[in-house]
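Shared chain: chain A. Partners: chain B in the first complex, chain C in the second.
Our next item is the complex of A and B:
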């Protein structure tokens, strides 16, 4: 599905991603774990192409010089340098860190905006599906986005991303700051999305434990480099990983 | 009654003038200081079509509005896109374009009182004892329709929703596949068309003069600042506030003070409530 080889991202001279190679196969959930500033969000921006937009804006304003290097293959096609909207059209949708929902629009409007790339029938069908996996949203249809709780906002953000008809969904820290109960709901929904919609998912988290049960494969980022990778079992059995990311 | 009727007409005119500016700012965060110039340009294009090419009037109006929209889009595509995100450069660039257009027109000899457009319908009728000409009634009708149309457009069409998404969080919109540059071109073209629409509706009430460009820009900015920059609802509300204030000033103080109202409104708003009447967005950000 997606294969990134030797990704390097510089902000001026600061190395944000150092020689990171990750891959995500069809119908897989891949976890990327790492502490704050390990490069998780930069990785997500690089995969989704948002980095190209940041780069362009910085260039225009004469700010930081951002350099992106490496190969990025999506369904056999090189997508390095492609604009974020083109990548979104190809099916790579990022559900960003801190959710970034449209705070002045209602829940239903947020979802309809998410359906910008979808056809009418796709949008209707997906909307129903979103309300099925997140029944809470159906009850809050008319509520303005800014007045939702963190958990509701995260459901909305995931729902909104689904509306854009992803083939590869990038979830950037979906569980951050949420209660264990909501976390469990979201993790279950994530697995359902993969199973029922056939969407491949890459999910990042600081704390691996809640998502680990659903990932097929995982990578661990440290200071911008992928220091470790393996299947769920590999990571579980690694004593360093256990102490650092599972809190065991 | 007179005050009410003319206040209403004046308010709708102001709303028409300001909506284009509010739309462009709301979506691409570009303060389009060429707004007044586009207004005058549309007037002159219409005039040229009607008087020089002798096309029929409604057709010329439509063609002129489309051309103005295209001009606006091109201005964005070739000039403003390069300074996007740098507030001061955006103001300088768009104001320079506006100046170049207006003074260019003046230099080519478009000045004096000779340029007029015919009103849509001659004559007037009595409305509760006050004479109102048909043209002003048409202005009000179209103005109300445009406000309603904009509401429907931004709430129920894909492009409209995309525009609003961009206005709220450009990067989040990008993640959903909404092409921000294309949307900004659409917004700018659309905003320019609205400036053109205001021009073809309001210019027949007077002469087409270059100076109108500066006045229109000032009024548009006043309305948008009072209403809260980027808020369309706020712009309409502020148009009514300033519109009625202007008419009251004309009646009770004197017609010379009409322009002072707009400027005073800017100053008062900036002192009392810098984010404007409906600048909710900013307040929310500050609270969080």
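Our next item is the complex of A and C:
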């Protein structure tokens, strides 16, 4: 589905991603775990193409120079350097860190904005599906986005990404700052999305434990390098990983 | 495999690293690296009246200085306090009418009218703007834009302060040289004072207000008070410019509320580099003479002027000063990844 080889990203002279190679197969959930400043968000920006946008803005404003290198193959096609909107049309949708919902639009408006690229029937069908996996949102249709709780906002953000008809969904820290109960709901929903819609998912987290049961494959980032990769069982059995990312 | 194996690297010049702090005093080379840009600016501006070929162009210098005051005041408010001010005309109008009244009615000499109208004008401007200071957003810009329009109409309709004819017979500066060197001297003084101010504790608070005013409030500081201080300083510069303008033209009139005084400083700030304080000054020294040169084109003047502005925004949107600073402080080289 998606294969990234030897990704390198420099923010000016700082190396944010160092030779990172990751892959995500069809119908897979891939986890990317790492501490703060490990490069998780940069990786997500690079995969979704947002980095190209940031790069252009920095260039215009005379800010720091961002260099992106490596190969990025999506369904056999090289997408390196493609603009984020083109990648979104091709089916790579990012659900950004800190949710970034439209705080002044209502829930239903947020979802309809997300479905701008979809056809009418797709949008209607997906809207129903979003309300099916997140029943909480169905009750809050008219509520303004900024007045939702953190968990509801995260559901809305994931719902909005789904409306854009992803084939590969990038979830950047979806569980950040949420209660264990909501975390469990979201993790269950994530698995359902994969199983029922056939969407591949790459999910990043700092704390691996809640997400690990649903991932097929995982990568561990440290200081911008992918130091470890393996299946769920591989990581579970690694004592270093257990202490650092599972809190065991 | 990899298409690109080299990247351009930006590094601080070694001498810049060494000239941080007190260590600049270690050698003449380091000292001159630090002072050269400032010395060039100061002596360049001071030499201008001698270089200019005619009286007409010497007058242009004074006008450039007036716009520079407004541009620095805009830059201070917009990029260090987060208040977008369209009030250049307001400050100039208040300052110029005050100076004209002080001079014609009370008979005060130029040496007194300018400082008095600077302080008094700044107080009036701050008091009038005080109601919209607690608000965030576009309100400050709208209010500062409306005041000059309203004041001009009030003077016109009520026929006070000379009405449409304006106040005539204002004293001029003793000589052209006094006029130019007063303007240049005051400009340099304010430029370096403001550059200093934004790095003092007060300046830090102001920048924090721009960043996140809620956090400033949570730290126990009165945001409105600090905004008022900044508005006072900025409007003092505007009023000083207005008071000088009156003594240069020997006349105060409604045209001193013209929107040119609000708009041109903003354009100069964009060209010169926002948030650098020196940039807006450079921008004025480029834009105002260009607009004088373009007078030869008659009505097409504004077309060329707009083209220059658009060109700058599209190709150098960072501004001259930001670009120059980077080139001066850093060098680039290709490195293998």
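The criterion applied here is as follows: the second predicted complex is superposed on the first by the 248 of 248 C-alpha atoms of A that agree within 3 Å, B and C clash if a C-alpha of one lies under 4 Å from a C-alpha of the other, contacts with A are read in each partner's own complex, and residues count from 1 in each chain.
By our rule, a residue touches a chain if its C-beta (ideal position, glycine included) is under 8 Å from a C-beta of that chain, and two chains touch if they have at least 3 such contacts.
This structure is a prediction, so every number in the text was calculated from the model and none was measured.
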In the superposition on chain A, see if there is space for chain B and chain C together, and answer fit or clash. clash
More residues of chain A are touched by which chain, chain B or chain C? B
Return first, second, both or neither, reflecting whether A:112 touches chain B, chain C, both chains, or no partner chain. first
Which partner does A:5 contact after superposing on A: first (chain B), second (chain C), both, neither? second
If you stack the two complexes on chain A, which partner ends up touching A:70: first (chain B), second (chain C), both, or neither? second
Of the two partner chains, chain B (first) and chain C (second), which one does A:215 touch, if any: first, second, both, or neither? neither
Given the touch rule stated above, what does A:101 touch, chain B (first), chain C (second), both, or neither? first
Check the residue A:60 against both partner chains and state whether it touches chain B (first), chain C (second), both, or neither. both
Between chain B (first) and chain C (second), which does A:89 come into contact with in this model arrangement: first, second, both, or neither? first
Which region of chain B runs into chain C, 2-10, 92-100, 164-172 or 236-244, after the two models are superposed? 92-100
Residues of chain A at both interfaces, chain B in one complex, chain C in the other: 60-61
Complex contact set, residues of chain A against chain C: 5-6, 8, 10, 12-13, 60-63, 65, 67, 69-71
Using the touch definition up top, name the residues of chain B that touch chain A in the complex. 82-86, 155, 158, 161-162, 164-165, 168-169, 171-180, 280-281, 284
Which residues of chain C touch chain A in the complex? 1-5, 7-11, 317-319, 322-323, 326, 337
Touching chain B in the complex: which residues of chain A? 48, 50, 53, 57, 60-61, 83-85, 88-89, 93-96, 100-105, 109, 112-114, 116-117, 146, 160-161, 163-164
